[in-house]
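Starting off with a structure, shown below.
Labels A, B, C, D, E and F are assigned to the chains in the order they are written; within every chain, residues are numbered from 1.
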C-alpha cells in the first residue's frame, strides 16, 4: 500500500482547491497533473512549490521555451522520467519544435560526458576562468 | 604525483597541434584551455571529443547562447566547477547577459528540487504525457 | 532473460538460509524481501550487507526512526524506488508518522535545490565553517 | 574573473538588507554566511530561498536537529562541501552530538551502497511495499 | 503521446540504414536494439554515437570484457536500467562469467559507499597522491 | 573548525592501531592514508569498512587491477577526487598501465553520455534483454 495517494480535485480542501484552480487556469488545462495532486498531501508544500515554480518559469531575460528546455535537460540528467515527459510536453505547447528538443538532448548528453572527463583528468581551472 | 599532466602546445605532436590550432581559431582565443591540454594525453580522445562538441554546439534550431546555458545547467547539476566556469564564460562571450544566467540558475535549482519531490511521492506519469 | 533471479527460501543453501532466518526474526516478518533474495546470488555479499546494515541501523545516539528517515532521504535523492518504498514502510513500522515523513521530504527537496545553488554561484566556505 | 561576487552587507539594497537582518537574527549570528551573500545577486531568489528554508526547517513533527541531520545526509550524497560544513555546524549548534553525526554518516554511507545494489540486481518492489 | 518513437528498420533513411547494418554486423545480431532505433530520430546523433562507441569499446590495452564491465558499473551507478541490462548481456556474450559480474557489482557497491564517506569526513588528498 | 580531524597513528586506541597495522601491511605502505585516519573517528566504522573492502577487492574471478579500474570509474562518475586519485595510484601499483587507465576513462565517459541519452529518449528495454 503506497504511503501517499494523489488528492483528487473533489477531495481537495479549500486552500488546495485554490491552487488547483490557479494551476489549471495558468496552464490552460482541464485536469490537474499528478505531480500537484501528490504534493496536495502537504498543502503548504503544494502552495510553496507552485508559487516558486510560477515565479521562476515566467518570461524574463529568458523566454519560457528556453526555460522549459533547461528544465528538461536537468531532469534528463537526474533521470526523472515524469519531469522529462511533463516538461517536454510543456516545452512543445509553448512552441519548442522537435529539432530544438533534439539539439537540447545532444547538448545535455555531451555535457554529461565532458563533466566526467574533467573529473577523470583532474583538470584545473584556467586563470582566465577564475 | 598526478598521473596525467596537461600537454603544452610546444610538447604537442602533429595531430594534437592541429586540433589545438582549430580550437584556438574557432574560439578566437590565444591559449588552449586546460581541458583540451589534458585530453591531449590521448590524441584520439582529444580529436573525437572536439569534433563531437563542435558538431553539437554549432548554431541550429537552437542558438549558441541557449546551447551554452543548457550546457552550464547540466554542469551545475553535476557539480562540475571547471565546466560551470568555462562554459559560463563561453555563454557570456556569445552574448548571454547576467540576467539570463541568473534565470537559468533559478530554473536549474528548482528542477533539481522538483525532480526529487517526484521521486519522493512516487508520482505516476499522467495519461496525457504517455 | 535476466541474469539474476531471486533465490527463494527453499532453494537457499545452509548459509543463506541462516541469514534469511535472522532477517525474518529481526524484522518480525514472515517473508524475506526481494532485496535479500537477490543478494543471495552471492552468499558472501548477502552476509556482509546484512551484518553491516544491522550494525548501522541499530539504536544508538540516534533512534531507529530517525535512522530510517535519513536512509529514505538518501534513497529519494538517488531515485531508488525500491529503497524508498521499503524503508518508508520500515520507518512507519518503527513509529514514523505521516507528518514526519512529509517534513523529511520537504527537507530532502530543499537540500537538493540549495546544494545546486551553492555550486551554481561557486560559494566559498566561510571562515567559521572551516 | 568570477561572474558573481558575494554582496556584502553595506552594498546591499533595502530588500536584501531586510533578508540579511532576518537571517542574522533567526540564526543568532553576527555575519551573513556566504551562501546568502551570493544569492543576493538575485534579490528575488534570495527572498524566495530564505522564506522556503525557514518554513521547511522549523520545528514540526520533526525536531530541528533531525531536520539538519537529514539536510546534511542529502548534501553529503550530493558531494556539496559547503552545505555539508555549514549544516553540520548548524546541527551542532542546535544540539547534535558528535556521536549523532557519526551515526548519520554511517546510515548515509550504507544507503548509498544499497541503493546501487538494488539497481545492480534489478530488484522488483515486493507486493507488500506496493 | 511520446515525443519520439523508435525508427524501425524499414522506415529508415539511407544513412540510418547504413548505420543499422553496421551495428547488426558488428554485434552479430539480427535485430537493431531500441537504443539505436530511438537515436535514429536524429541521424547525425546516431552516427556520431555509434562511431564513438565503436572506437571506445574496441580491444586495446583493455580487453572487451573488462570494458563492458566498466560500462555496466557506471550504468548501475547512474541507475540506468536499459544500459545495465543491455551491456550486461554484451559482457556475457563476450565471455564474462556470472562470478565476474557479481564481483564487479561488489566493487561498484562499495565504491559508491566509500565515495560518500570521503565527502562526509572531508578527507584531504594525501601528499603521495598529489 | 572542522568537526572531525584525522586520527594519527600515535593517538590511535588499541583497536584502531590493529586495523592501521593491517592496512599498512596489506598495502605495503609505511603511512596510513587519510581516508582511514578519518574513519578512525568511529572505530566500528573503520573496522567494518576495512574488512568489507579487503573482502571485495581481493583477487577472485576478476584480477585486482580490473577491480581497481572499476572502482576508479565509479569514483570519477561520482566526482570523488580523493577516491579517484588514491585508487588510480593503487591501480598503477598493482600493474595498470597508463594506456589501460586512458581506455577506462574513455569507457567511463561514453557510458555517462549514453546513460543520459537513454533517459532522454525514454528507450524501452528490448525483449531480448528482459
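Methods note: contacts are C-beta pairs under 8 Å (C-beta built on N, C-alpha and C of every residue); 3 or more make two chains touch, one makes a residue touch a chain.
Predicted model, so just to flag it, every value in this text is computed and none were measured.
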{"item": "Most distant chain from subunit B by Cα centroid", "value": "C"}
{"item": "B-D or B-C, whichever has more C-beta pairs in contact", "value": "B-C"}
{"item": "Chain whose average C-alpha position is farthest from subunit D's own", "value": "E"}
{"item": "Matching chain pair for A-E (criterion: over half of the contact pairs shared, by residue number), options C-D, C-E or C-F", "value": "C-E"}
{"item": "Whole-Å gap between the CA centroids of subunit B and subunit F", "value": "27"}
{"item": "Whole-Å gap separating subunit A and subunit B, where each centre is the average of the chain's CA atoms", "value": "21"}
{"item": "Distance between chain centroids, defined by C-alpha means - subunit D, subunit E (Å)", "value": "34"}
{"item": "Sequence positions of subunit D contacting 2 or more other chains", "value": "2, 41, 45, 52, 77-81, 85, 89, 102, 105-106, 108-110, 112-117, 119, 121-122, 130"}
{"item": "Footprint of subunit E on subunit C - complex, ascending", "value": "2-3, 41-42, 45, 78-80"}
{"item": "Subunit E to subunit C touching residues, read off their complex", "value": "79, 85, 88-89, 92, 98, 101-102, 105-106, 109"}
{"item": "Residues of subunit B defined as touching subunit E within the complex", "value": "1-2, 44, 48, 52, 55, 130"}
{"item": "Residue ranges of subunit D in contact with subunit C within the complex", "value": "2, 4, 6, 31, 33-35, 38-39, 41, 45, 49, 52-53, 56-57, 60-62, 66-67, 69-71, 73-75, 77-78, 80-83, 85-86, 89, 97, 99-100, 102-104, 106-119, 121-126, 128-130"}
{"item": "Parts of subunit A lying in touch with subunit F, wherever the complex brings them together", "value": "76-77, 79, 81, 84-85, 105, 108-110, 112-117, 119-122"}
